[in-house]
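The chains carry the letters A, B, C and D, assigned in the order they are written, with residues numbered from 1 in each.
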Amino acid sequence: MDDVGDPLRFHVPAPSARPGEEPDFSYLTIAGPGETRRPDVDVTGVEARDLADGLIRVLDDDGLAVGPWAPDIDAEHLRRGLRAMVTTRAFDDRMLRAQRQGKSSFYMGSRGEEAVSVAQSLVLAEGDMYFPTYRQQGWLIARDWPLVDMMCQLFSNEKDRLHGRQMPVMYSVRDAGFFTISGNLATQFVQGVGWAMASAIAGDTRIASAVVGEGATAEADFHHALTFAATFRAPVILNVVNNQWAISSFQGIAGGDESTFASRAIGYGIAGLRVDGNDYLAVVAASRWAAERARTNHGPTLIEWVTYRASAHSTSDDPSKYRPRDEWKAWPLGDPVDRLAAHLVAIGEWDHDRHEALVADVDETVKAAAKEAEGYGTLLDGHLADRRDIFEDVFAEMPAHLRRQRDEMDRLA
Amino acid sequence: MDDVGDPLRFHVPAPSARPGEEPDFSYLTIAGPGETRRPDVDVTGVEARDLADGLIRVLDDDGLAVGPWAPDIDAEHLRRGLRAMVTTRAFDDRMLRAQRQGKSSFYMGSRGEEAVSVAQSLVLAEGDMYFPTYRQQGWLIARDWPLVDMMCQLFSNEKDRLHGRQMPVMYSVRDAGFFTISGNLATQFVQGVGWAMASAIAGDTRIASAVVGEGATAEADFHHALTFAATFRAPVILNVVNNQWAISSFQGIAGGDESTFASRAIGYGIAGLRVDGNDYLAVVAASRWAAERARTNHGPTLIEWVTYRASAHSTSDDPSKYRPRDEWKAWPLGDPVDRLAAHLVAIGEWDHDRHEALVADVDETVKAAAKEAEGYGTLLDGHLADRRDIFEDVFAEMPAHLRRQRDEMDRLA
Amino acid sequence: MTTMAMNVAIRAAIDSMLDRDDDMVVFGEDVGYFGGVFRCTDGLQAKYGERRVFDTPIAEGGIIGIAVGMGAFGLRPVVEIQFADYVYPGLDQLISEAARLRYRSAGEFTAPLTVRMPVGGGIHGGQTHSQSPEALFTHVCGLKTVIPSTPYDAKGLLIAAIEDDDPVVFLEPKRLYNGQFDGYPDRAIVPWADHPLGDVPDEYYRIPLGEAAIRRAGADVTVLAYGTMVGVAEAAAAETGVDAEVVDLRSLLPLDTAAIERSVAKTGRCVIVHEATRTSGFGAELMATVQELCFYHLEVPIERVTGWDTPYPHAQEWDYFPGPKRVGAALRRVMEAAT
Amino acid sequence: MTTMAMNVAIRAAIDSMLDRDDDMVVFGEDVGYFGGVFRCTDGLQAKYGERRVFDTPIAEGGIIGIAVGMGAFGLRPVVEIQFADYVYPGLDQLISEAARLRYRSAGEFTAPLTVRMPVGGGIHGGQTHSQSPEALFTHVCGLKTVIPSTPYDAKGLLIAAIEDDDPVVFLEPKRLYNGQFDGYPDRAIVPWADHPLGDVPDEYYRIPLGEAAIRRAGADVTVLAYGTMVGVAEAAAAETGVDAEVVDLRSLLPLDTAAIERSVAKTGRCVIVHEATRTSGFGAELMATVQELCFYHLEVPIERVTGWDTPYPHAQEWDYFPGPKRVGAALRRVMEAAT
């Protein structure tokens, strides 16, 4: 038997900077634009292992698209993406303000992460199904889902299609290929795999894309998703949005200091890509690659989107308590909106004035939508969904005991 | 958006052979003895990635120990291991017979896998804690835990320390560093990590070793174990016994066709070793390496033990329904008992007669133990644990409602 | 009409639904090639192919999570949890997702799953092969919970469960797979072949969820039972000579409160029996229901006869199991109690 | 003596136990550096170090599984589940492992854990931040379940829970963290600072598990309540003028059946209130207990006032919450019911 040596030490990972300290992102390994190779989509997971340690980037410092991942994409599409990201940001800002004014009970912003949901929304096909977390509002906005409809959900008013049952941001938009958001982390990740398996069983052509935050990769359903996706070669994109923070805990608490989240794919024989999530063109390219791979029966792809949560976790959160106040400014991968705009400028498809005009127009649009939605009611004026809706949709048909309980409620009113 | 192509296909993994077909183990990648490198124990998980695709083997075809993993170990120790494996096999055979005779309700054999538990039992130190599955009886036997005590548990008789509460084979032997076995798969895997974290928190020197079958790696607690072990660098050995079968499902159903189980470690930044589990010296060497790594604060090691479940899953199982009857005979990595004996012979420390004598002696020992244990009662004669014990140990102190229920039972008797 | 054991009747139900509904899929641990450890899917993979009947990794949470996703796509998954004792890793997907999908999406997404699992003891399975967790499921709004006591009901109820557009937990009393059981382990079991309720129509039929069945009409005391305990209650009535009305609930949620009220209003006495542990078991809900609906009819206190509040022991399982003796004693007590 | 909010009293209990017992460790999601989303561990990592108070990966099953292993080693883990709604992924480790370890190893291994979690609604949390799953825990043999309604009790009960050598689920009514609550969301809350039961001794003290407290003595009807509903019941009694005896159970398992029996034997009437969904809620067990112990004292049917059998809605949460109006109506009904 071994002879027994020094006492064991307990290791607890610590972030590179806490409040009051200098932001420090030196822990990130960042490959240069164009440096990470692009294999064909029929590559096996084992052959693709090295990609999990790379960083797929397309935009260089001059805003030009370089390297094997530079997508074939026209300026019109890019301007559409830019508009969607700018709209998402304006929407977030306005809805955060509305929450502070008491018009809604809660909100969650996506500042800094807009490219991840927006670009993939425009890459995937109609009929594909997205299994989002609460931070992918960009998907809906990119698909021009009516802002008013989203706001009515946030205000829980009479026009809220979810009848005020769900907390703000827990959208469900089947028609936009947007699965009902759960408050329970990671559950959608394995559900997306099940949906994709079903599509394969049915001999359909639609694929699924599921999202989880880096913090929630620790949940059981992350493992379930990868195990089933690998075993049954499900046509699914498995997105891990690594925005460095999970409420107050940094990515190292989820194991990120030991290996990349993209590398989680390796042990399952799944292709794992690590991608600059603030590089709109890289998000397009990697999403296309994974989608084609899924659609051509080459199986699942796990993509770690390296980004940063610039907003607070939610309106209940105060990040200044656990991270440097200005950490976002030091983020080495920049701002997805600025970088895409710079690219369009660099290729002569955009300029300062057009950008100003876009921002102004978007603000108007969001403002008008908010005005309309607020007209239907907010938490302030109490024009809320009907109390009797509490009892609907628990089951397809309301059983006797629920009818009795609804009557009991009615009698009291 | 992508244009939509051919219909998707649903992939369901299939084993290489079903009943009536020729056994075929060509799916196994088998490195030659001595071929897989041996890094120092302070290697990082990332540096060790290649080991997950290798196969650590020490014994060559002539029964000689070769390569960097050949352990420094004396013949006395090896003979002790041989005796423990032979005893385990004799114990299994006798207890399987006893179950058929109705003396116990159930049994699970470990034929073909004995080296995995026996060798590690002799490598780890007193005070270390093993978190086994139901197929590691070899650990107890290697530590000379009284066979009679084990048999009394199997017979649920009056001397069963677990008071007949637990199904046969669900041993609990704290004094042998053997954690109480759970009927629920994989739960012990994360508990072992917690125990190891506790040892580090306490500044102790004891380490943990947890075991899971390849089939049960799909359970949530496998992921929990790896995530927590990686994040907190727990001093733990994480053993995956890949015996190719999980009741009727082959290792591909757990994802084994896509990547090795050892490679599951990679994504967590944990060192993963793939080891010939039927090579006693390889089991010793890999266990020592992982134990030293843990004890010197270099963190966890995941070890996939490549072996084969020669026995039925349990006495409730009939393997001829789902795999070739003689598949075991075609297993390319042989029999751990024969291979260790051949090695001892090759180095002049063993011979045919001594082996015969060992087998005879062991059979006598097991027979005598069985006779004694049966004397204390079996399921047949009904000398069972006391019914009043049903109510003990639910809580440290029996609460009023349980006392009332026990009285109710007494009144009925 | 064929006489079938209960596991065969369950297989027949799955078979006939696989045949009728191309969107139905069956999966779980060992259910594919092998046909399930209790043989409930034996032969179905051979008949319908791996696309519709397949083995899964060993992960109950994964199995139910995958089923939820498949249901959202439009398939109708019927999954097996090998033993009810192993459902806990899947509870989050069952409670937080399957049972909530319709509500939180206002009907945009639904989870038409059936989750089958063997329950109950009496096979020397110890604490991890004997549990009866029905009470947990009945506390979850959005779930239905069903449990048959005969092959005929097993087929009809399982077909109704599969066709139901909401998640249904289908509990299979494993002690009844092969034969009726009166609670005496030493007596030879009555194989279903020799039992009238072992006769099962070959064609498709359904028994609506939420309708109890009277197994024994009686005037003096109502026994509320389900699953394995139905036969035990009948045996206890026969032994004691108490004229008990044995009500087989069959569906715990929705619950046939009308049948319960009718019977107790008539008898004025009630004994509730189940195998699960007592505290917060489904017997508590039944007792609450009876006293809410029948308070003014009750002559004597309602009694519960249940498993003890301990894990299910291995060697002493018949001291744990609430057998005919214990049920009979309760019947006598309620008959003799002061009114 | 200091006046403390309930979350501060909880922190004080953890602090004093960290101070007294070197084997105690505290961990969970966001509990370390940040001090917990409800601030219950604020400052403790700074005071006791990362070795004893730390953040974990987001995996409730992992958190409880790790705690079971640590308990087996000999530490005394106190873990936080961020919301009770998220305990389901951890139920297998809690039910199959923590609650069974002592039994299946005949005492060789034990799980002296405390699993803290906020419960209940009233903060616009919707269906995944409002649940009250206490009934599930009370059905699990081997678990204890405790729920305070005041800062004083919170500290004393939590210390007793931590010192208990068996796993204890400690439920924290999140609506009460900052102040007493009478069930009227529009009224300003009474901060605990202005409430007698907000006075909390600075030194160590324990309140034994299994002892109920009478919050309001009364002669006419017994109200069984716990957590948030205690204050609501008091408000309902005040409003209706019904002379109700409000019993705060404090510990659901073990349950103070003697206190229940004493009170109902005196009043002959009983109303049971909880926020959780009705069917198979803990109210069912309480109703069963009362009718088993007090049948011959009961003048009228026992009533349950509970959350509806639906998910906890977001916008309509006050239509869902069983507030003073509903409790008051029940008090009147039991007073007016035919005897």
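FYI, a contact is a pair of C-beta atoms (placed from the backbone, for glycine too) under 8 Å apart; a residue touches a chain by one contact, two chains touch by 3 or more.
Here the structure is a predicted model, which is why all the values come from computation and not from measurement.
Seen from the C-alpha centroid of chain C, the farthest chain centroid is that of A.
The highest number of C-beta contact pairs joins the chains A-B.
Between the Cα centres of chain B and chain C there is a gap of 36 Å.
Rounded to whole angstrom, the centroid-to-centroid distance between chain C and chain D, based on C-alpha atoms, equals 31 Å. Chain B and chain D have Cα centroids lying 41 Å from one another.
The residues of chain B that reach two or more other chains are 10, 12, 163, 165-166, 170, 182-184, 197, 199, 201, 218, 220, 223-224, 227, 231, 253-255, 394, 401, listed in rising order. Shared interface positions of chain D, i.e. residues touching 2 or more other chains, are given as 51, 56-57, 59, 61-62, 85, 88-89, 92, 96, 100, 103-104, 127-128, 141-142, 279, 309-311. Touching chain D in their complex are the following residues of chain A: 10, 12, 14, 18, 105-106, 156, 160, 163-168, 170, 182-185, 215-216, 218-220, 246-249, 253-255, 316, 321-322, 379, 384-385, 387, 389-391, 394, 401-402, 405-406, 409, 412. Residues of chain A touching chain C in their complex: 129, 131, 161-163, 165-166, 170, 172-174, 179-180, 182, 184, 187, 190-199, 201-202, 208, 220-221, 223-225, 227-228, 231, 392-396, 399-401. Taken in their complex, chain C has these residues touching chain B: 29-30, 32-34, 37, 50-51, 54-59, 61-62, 85-86, 88-89, 124-129, 278-279, 308-311, 313-316, 319-320, 325-326, 329.
Chain D contributes residues 23, 25, 51-52, 56-57, 59, 61-62, 65-70, 72-75, 89, 92-93, 96-97, 100-110, 141-142, 144, 164-166, 210, 254-255, 257 to its touches with chain B in the complex. Interface residues of chain C facing chain D in the complex, by the touch rule stated above, are 61, 85, 88-89, 91-92, 95-96, 100, 103-104, 127-128, 135-136, 138-139, 141-142, 253, 276-277, 279-285, 287-288, 291-292, 295-296, 298, 300-304, 309-311, 338.
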